[in-house]
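Each of the next two complexes has chain A plus one more chain, namely chain B in the first and chain C in the second.
Moving on, here comes the complex of A and B:
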């Protein structure tokens, strides 16, 4: 399914290739794939939503009509949602700004006062 | 000077196939097996109607034909040149998918051959639809492959669908008894027989990968008639439904 790519981190679909068949057993759900949309060459791929599909190839096939039908698009990525690692929702507090640490923000340095003082001293 | 009658005949066949196939595929809208597929299939049905429109416009603008809407919606059944393949009712999804696969591969072969056409409007159109058809055949191939290898029931249904459609699909390449030689001589396109063999060469490897058995080429008896205005009983009701709104007021401005 992949071929020699300009960006070796990304697998690219060969249109003629069948790909591996993914067997979905009775009672099992299809996988969910996250879809990333690239508006022009060199631009970031932006997350636009997800599709249900049995395998990555069909995920890409579905994503094309689902997310690239109207908006300008030059490429898409699909990533199996299960391959994404995220923090636990409970751990959101890790991101909370500690008010005691404003000295860490560059904006926290109060230098104007000193600069003005210096200028006046001239 | 081009043979306009021959060109007109060829373009009507292509356009009517696109229109009827597009209409049939659009009948799946809202009924597709999963939402994602419903959207993809409906979108491709719209593409087909778009191709039909482009071809009807070509008849109108380049060959002095009637305006596209009245040509598409007001002609009697016997004046249609659609193939029997596209007229068939949708049946179940296996049938519709197999027809989609065989039809779109044939369409791709046809437009590829038009890249070298001596008739410029067809050459331009073939470039325009190239990307769309690439997607249509990718979609068709992916499904044929998946469903043919997804277990016994699925496999036997796909094989049955192939058995049911192959002779009908071969009928897409019904040569014109009157115009064929002129179109080939004037290098409009390479002719139906050449396209038929290219098509067999194109579908064969996909079917092999899917482990589906294609009958011996000699054993396929193409279903002809559509190009001569002889149709299945399914076309008339389709035309009636398709043109129902248009016929309420044929002069209405939209």
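Moving on, here comes the complex of A and C:
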């Protein structure tokens, strides 16, 4: 490689053309942690993404760099992706009748009709 | 920063096994119906093999572009003119690396590990945006990159953010928000040179002349030469054609360059008042392919620096490793 690179590292380190092929081993980039961001005290922590880290403490450090560079943040949580238990997306139909359960919804009870009917009957 | 409209096919892509080449027709129909309705596809959902493959390729190359794209600008941190410009450039370069991380995570949800992606970058199997194979020779180059390359990337990323794959869209939403600062600080540096001393104006004009062709290359070959993008459009992996995005970029940014009294090195460049579309001389596409395939001025250097960083950081990563822990792909 020519020695007139604009990147000072290339000149300083005399990075050459040839060189062994670098191979990153599987697992070398550690584990994956999901990150939860809290915008203000009293608010829920919300999932914002994930980071690679060797342990929870460093995951917090990386999460701060990655997800709290801007805007308000008062707290972060991290949790290993492998520790998250979720329903299978194919079981989505188990929630299908949620919207039909009027008996557990305020809108499912019409009290005014009954009150008015009672008043008129007097 | 830097998507680029052109998705490079893996040169030595493995032949899919026979059963993987055929998706079950009922599942495929349901999948395409969901996309047509505007629904997002999430990591655990059924998806066609080809959809997964194309998305990994697209998102991975976008991630590599962010990481490699930080190199030409990063070298200017020590030489930035003044404290405010230096602070802004450090912040921008850090953002780009952060964008790379977000995108690697999005690609990982599709089942390719971060290590495999980095290996494919280092071996040259996986590409990154062609513009980063050119050097940033002067401070004016940094202004041109910050303003125009970021602007081009935003056109591309805003389009992709409306795509069908949930994790990619969410990453792009965050990225586009941060890019607005990159574009503004680039425009500001650009204007300062354009309205400065004659020497500053000359330096900017020179940078613009050198960068115009890579910028025209940025969105990829013309539609008439691009194959197999129909399916990608239907699946909302590709949201607009290369020519469409190039035209949108010219429409928004050529007037912003001309209003500062600068010129562009293409006498044919003009907006056709009847069609409302921009006309230009076709850039040299042979040069584009020559540079992609390793023939650009900085290809070797970029990968060398990346390999060096990988090697130098290895002992730290290894010292902290806990290989017995169970690993998993990101959940969303």
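To be clear about the criterion, the second predicted complex is superposed on the first by the 78 of 122 C-alpha atoms of A that agree within 3 Å, B and C clash if a C-alpha of one lies under 4 Å from a C-alpha of the other, contacts with A are read in each partner's own complex, and residues count from 1 in each chain.
We adopt the following convention: a contact is a pair of C-beta atoms (placed from the backbone, for glycine too) under 8 Å apart; a residue touches a chain by one contact, two chains touch by 3 or more.
Bear in mind that the values here come from a model prediction, so they are computed numbers and not experimental data.
Colleague: Check whether A:69 is in contact with chain B, with chain C, with both or with neither, and answer first, second, both or neither.
Modeller: Both chain B and chain C are touched by A:69.
Colleague: So, A:42: does it touch chain B (first), chain C (second), both, or neither?
Modeller: Neither partner.
Colleague: In the overlay, answer first, second, both or neither for which of chain B and chain C A:15 touches.
Modeller: Both chain B and chain C are touched by A:15.
Colleague: Would you check which partner chain A:82 touches, where first means chain B only, second means chain C only, and both and neither mean what they say?
Modeller: second
Colleague: Is A:61 in contact with chain B, with chain C, with both, or with neither (first, second, both, neither)?
Modeller: Only chain B is touched by A:61; chain C is not.
Colleague: Quick check for you: in the superposed arrangement, does A:34 touch first (chain B), second (chain C), both or neither?
Modeller: Only chain C; A:34 stays clear of chain B.
Colleague: May I ask you to name which of chain B and chain C touches more residues of chain A?
Modeller: Partner touching more chain A residues in the overlay: C.
Colleague: Where on chain A do the contacts from chain B and from chain C line up?
Modeller: Touching chain B in the first complex and chain C in the second, residues 15-16, 19, 21, 23-24, 30, 51-52, 54-55, 58, 65-66, 69 of chain A appear in both lists.
Colleague: Which residues of chain B touch chain A in their complex?
Modeller: Listed in rising order, the residues are 34-37, 39-40, 43-44, 134-135, 137-139, 141-143, 145-146, 149-151, 209-210.
Colleague: Please output the residues of chain A touching chain C within their complex, sorted ascending.
Modeller: Touch list, chain A to chain C: 1, 5-10, 13, 15-17, 19, 21-32, 34, 47-52, 54-55, 58, 65-66, 69-70, 80-82, 84, 86, 88-90.
Colleague: Provide the residue numbers of chain C that touch chain A in the complex, in ascending order.
Modeller: Chain C residues touching chain A: 42, 44-45, 71-72, 75, 78, 91, 94-95, 98, 101-102, 105, 108, 113-116, 118-119, 122-123, 135-137, 170-171, 174, 178, 300-301, 304-305, 307-308, 310-311, 314, 317-318, 320-323, 325-332.
Colleague: Could you pull out which chain A residues touch chain B in their complex?
Modeller: Chain A reaches chain B through residues 15-16, 18-19, 21, 23-24, 30, 51-55, 57-58, 61-62, 64-66, 69.
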